[in-house]
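Some structures are shown below for you to check.
The following pair of complexes shares a single chain, chain A, combined with chain B in the former and chain C in the latter.
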Partner chain A sequence: MPPRIVLAVAAAWFAAASPAAAYVAYVSNEKSNTVSVIDTESWTVTATIKVGQRPRGIEFTRDGKFVMVAVGDDDTIQVIDAKTQKIVDTLPSGPDPELFTQDAAGKIMYVANENDNTVTVIDLEKRARIGDVQVGVEPEGMTISPDGKILINTSETTNMAHFIDTATRQIVANVLVDARPRFAEFKRDSSELWVSSEIGGTVSIIDPAKREVTGKITFDIPGLRREAIQPVGIGMTKDGKTAFIALGPANRVAVVDATSHKVTKYLLVGQRVWHMDFTPDEKYLLVTNGVSNDVSVIDVAAQKVIKTIQVGELPWGITIANKP
Partner chain B sequence: MSVTTASEARRGFSFSEYITCLNGIVWREALRFLHQRERFVSALVRPLVWLFIFAAGFRQVLGISIIPPYETYILYEVYIAPGLMAMIQLFNGMQSSLSMVYDREMGNMRTLLVSPLPRGYLLFCKLLAGTAVSLLQVYAFLLIAWFWDIAPPTIGYLTVLPALILSGLMLGALGMLISSGIKQLENFAGVMNFVIFPMFFASSALYPLWRVQEGSPMLYYVCEFNPFTHAVELIRFALYGQLNLVSLAVVGGCTAVFMIGAIYAYDPSRGLVRRGPGGGET
Partner chain C sequence: MFRWLAGTIALGMVASQALAADPTEIHIGYLGKASVKSKLSLVEQPADNDGVAGAKLGIEDNNTTGKFLNQRFTLDEIRLKDGDDVVKAADELAGRAPFIVTNLPADETLKVADRLRDRGTVLLNAGATDDRLREQDCRANVIHVAPTRTMLADALAQYLVWKQWKRWFLVSGSHDNDKLFADALRRAATRFGAKIVQEKTFEDTGGARRTDSGVTLIQRQMPVFTQQIPTYDVLVAADESDVFAAYLPYRTWDPRPVAGSAGLVPTSWDAAQDQWGAVQMQNRFLKLNQRRMTALDMQAWTATRMIGEATSRTNSGDPKKVIDFIKGPDFSVAAFKGTKLTLRDWNLQLRQPILLVDGRMVVSVSPQEGFLHQVSELDTLGLDRPETKCKLK
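== the complex of A and B ==
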């Protein structure tokens, strides 16, 4: 073989075999009351951290030093030191915290308390509660607009997306969406807000300026009943071109062209796929599969599921950051 | 091959003469295949019918357990693709054995066996020719399957080649062994019923063995002892750049046994061919 071909083959081989950059993923296991730590170089679980009861919402602090996990049945949020992987503190949420979000600076945190119909505002520096906002019944989805001015909360039973002014902490608008809204996500350029409705089986596209639904994404998987298609987690690439939507018991992640709002592909993952997060380089997307107790890894560019990793029981949320 | 090289020295045939012979046989087989366009089409249609129709109906069957070499959940059509590749080779092996029965009936066989080169070598060439034809069919199938979203890693298209050659040789040798016992073309229907169908269905081609074990432990053992299962698994692992050692050993061993059996059977001085009235070679 000519040396040039040998070199090309070797280069291709190394390119294919080169590991992902050093990231670490934290997965909350709702039933086993643990957090699984996944190394994205080896794609293995490197640690399992015992946490409070019913861990669901999970997110790194903006500086990547701590992981916050909402432990609903303990009515608090626990803080894990990413270096020592030990619980070092708790944050004062309301009863049954489920999902939460932070502002861009990582100073203020907003928590949806499922059983209390409130959103708790927490100062992350002082680790103190600084306010509450009354919202609809069973608040869940939480996201903040890229300019930090509007906080979105979706309430599962009221079927609304509440627009909350972060300065006044008052609801400024309510947008009705399909049944049981679970998750909300802004496009980076603030042009659209996406809200997934689990029972409705749709993702509503909302114009954040007009505060009205301008379109809906529907899903159709041959051979599956409509009721089995329950959109939950949403992940959007930074360029705003591609979105991934977890379809719950359909065991699929839909790939959506975020410009035309058309589904381009369905990727088979584990059972009851729930939430997701990208690696910081956006090379991979990790999704939690609640019923099959594992996490599937999607190659974002190839739009292919490349691996599935066993974690604890009923994995729910996931967050990924650089290794500390 | 080293055996033939030794005999070559003994009988004084040059290497190029061996190659000429190989070329002749392979080309004849390839031309025959390419000229029979219906055969090429039907060789492709068969697995595609399975893929497009059968697999579509069973789409939801899998996806609840991850088995090696797969690293994540797969759709049913992805699962059966290696089984269908092996099916192509199984049919092809049997079909080239059919062509040997035909050759025998038409007298072409005599032309072949009249060659001064060792009989074992001639039969081996015939096997290689049949395998080469099956490779054409398998890669054509893979190309169509790619459009159906069955896309193994790129390197897999290369690593599967040795597995395909070995399994092609095994199934071809089996066909040859069987063809030595068939006296007339019409008996081929029996081969379908007694060889092709049982081998194909009692294997891991259509369903993973753990599923079979759940349903019937007895059938599980039958599948485990079926060399076709190991041909399928060898191809399946190779397609994902992995080596299944057990399957390699089984397929390698069976290839050797079937080939020796076929060479023995096609030796008119002792083999099965001579026996009985109406045997092709008289």
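== the complex of A and C ==
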């Protein structure tokens, strides 16, 4: 057997033996109007897809076949086929969609429309708008409780986390948090809901049963002015033990002990770090750095930044799934 | 029978809940001038509702939040015509509203503040930029939302110094407010290491703002006015009265940029501001008022939002509670400037970044990087605590 073939066979075997690494990350570049596709084996950009204007919120469909990206200035959500990397459809969101979330089955999608104080409900199969919920001023953060019963929307100028019953689509509670709430995330066991406040500079811990704030995570970075610490994106490990919080213009990701709510470490990343996503095996966490136009790769176990990947201008959102 | 009974009880409960759920009413007053001064530029001509339009949007935003907290906000507005008695109007407003957003000259602001002090009415000064209202003439019942002249001048100076345009030719107008702005610019030059190589005063000799052959004359006047000046980097104009500064760009004898009251202008807000989520704000304003948002609109919006922020944080419409919270250490308000705005506790001035705009774009935002401060970098703008002459009473 010639050596080259041996190598190829070995490579094929390796690839088969470690499918865990075969992921693909989609990054929305707010200013370039593109989506960068990153291969997580080679950590390189393998494709750049032209999309509509001002792409921000981005997420794989639950089946991993499509990527949905909110293009705010075009007032729609575009659907990219993950196999062909082409735009195949659009969804009828309301005006200026920014962030969205899906139910566990991937059938219903909820979109925050910044410009008209509503959350739009979309049937993903029928590609049809099936309802609206009136919320506070400038809706932004969106997440759904692990049991699917409660949708959380944060409104940036009203400064609240709205609890919306997904069955009745009525607001059932409003929890006041610090200024400009941007992102919401549940612990997998539903014991806590975390909401980041960009201008307030805190992350509120909310008891989802009592629907009240029970604690706050604060940040203190020596040598950095307090106003520069602006928490936005949150990522929590599945075991609920460790959380990562992007601190915007502080250019750092805080590593937080999710049980004690204490910051254990600050990781220096690129400039104006915004949103993040884990690889499905949770080995890596990728964060978008808006001003330095790159993505930092964090080794989750080692809690270290291992790589920086150049993408388009003003990278904003990121979503990662298995390669199609 | 049992079910019927339960039904009645449930109905009774709903009814009593509805009774208990009467919204808390929060009245905010607005006191300003009805007449607006004419500007040199036709496109800068202020709208009749300049300022109050921002307060209206603030009320609307407060009500969107208020519906979740059972609070309802209303705006009571009085706009004074020439000759109207400001004190009488203030009394009338104070009878309905414990908080009054004002857009009045310094003297009238003080008159109203002193008149209403014993009633506990608090003014939110959205218009007057006079430093003296925050210094020797400060009052415990006046919160200042508008930036001061020294804040505006410092914001501009930091940028010009960063740009290495350190040699200034200062031209000031002949009216009192122009002179005050020139004072602030001189102070800023000293503070941040710029040098004023020459000063000139542009006398306002009156005359019409607009004439059919205006450009020809101006094109002759301005180069002559600005010739034979020692080497300078930038012409800084202090012309709050809007008599001449707008004529300077492109007409100076030497090819130099203009800043201050024309060219690169320091301001609290601009219709071109689109950073930090501001587009949503601009869109909301445009939708409500069918025009673009000015600095005065923004200052009035911020004033009403400060009240709204405090009523939601305290979950109360009690004026004393609301004002104590605003004056307390936990207060902050978000206003699309990329950072939270807080109050200087020594003179009740709102800390805020200042935009530098050229009429089409936001060129920069001060404080500039590298201007450090031990408490807040926003305190590199304007008179700081150690320099203050204010004793709140």
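Keep in mind that, in the parts below, the second predicted complex is superposed on the first by the 304 of 324 C-alpha atoms of A that agree within 3 Å, B and C clash if a C-alpha of one lies under 4 Å from a C-alpha of the other, contacts with A are read in each partner's own complex, and residues count from 1 in each chain.
Basically, contacts are C-beta pairs under 8 Å (C-beta built on N, C-alpha and C of every residue); 3 or more make two chains touch, one makes a residue touch a chain.
Treat the numbers as computed from the prediction; the structure is a model and nothing was measured.
Trainee: Based on the shared chain A superposition, would you classify chain B and chain C as clashing or fitting together?
Mentor: Overlaying the two structures gives chain B and chain C room side by side.
Trainee: Under the stated touch criterion, which partner chain does A:R272 make contact with: chain B (first), chain C (second), both, or neither?
Mentor: Neither partner.
Trainee: For A:R56, is the partner it touches chain B (first), chain C (second), both, or none of the two (neither)?
Mentor: After superposition on chain A, A:R56 lies in contact with neither partner.
Trainee: Touch check for A:S296: first (chain B), second (chain C), both, or neither?
Mentor: Only chain B is touched by A:S296; chain C is not.
Trainee: See if chain A has more residues touched by chain B or by chain C, and give me that chain.
Mentor: Looking at chain A, the partner in contact with more of its residues is C.
Trainee: Does the superposition put A:R225 against chain B (first), chain C (second), both, or neither?
Mentor: Only chain C; A:R225 stays clear of chain B.
Trainee: In the overlay, answer first, second, both or neither for which of chain B and chain C A:T157 touches.
Mentor: In the superposition, A:T157 contacts chain C only.
Trainee: Touching A:G136 in the superposition: chain B (first), chain C (second), both, neither?
Mentor: second
Trainee: Scan A:K187 for contacts with chain B and chain C and give back first, second, both or neither.
Mentor: After superposing on A, A:K187 lies clear of both chain B and chain C.
Trainee: When the two complexes are placed on top of each other via chain A, what is the minimal CA separation of chain B and chain C in Å?
Mentor: Across the overlay, chain B reaches chain C at a minimum of 11 Å between C-alpha atoms.
Trainee: By the touch definition above, which chain A residues appear in both interfaces, chain B in one complex and chain C in the other?
Mentor: Shared contact residues on chain A: none.
Trainee: Touching chain A in the complex: which residues of chain B?
Mentor: Going by the criterion above, the answer is residues 56, 59-60, 63-64, 66, 71-75, 151, 153, 155.
Trainee: Under the touch definition given earlier, write down the residues of chain A that touch chain B in their complex.
Mentor: Going by the criterion above, the answer is residues 16, 222-224, 251, 268-271, 292, 296-297, 304-308.
Trainee: Residues of chain C touching chain A in their complex?
Mentor: 61, 64-65, 68-69, 277, 280, 283-284, 305, 309, 312-313, 332-334, 339-340, 376-378
Trainee: Once bound in the complex, which stretches of chain A touch chain C?
Mentor: Touch residues, chain A against chain C: 96, 114-115, 117, 136-138, 155-160, 162, 171, 174, 176, 179-180, 199-201, 225-227.
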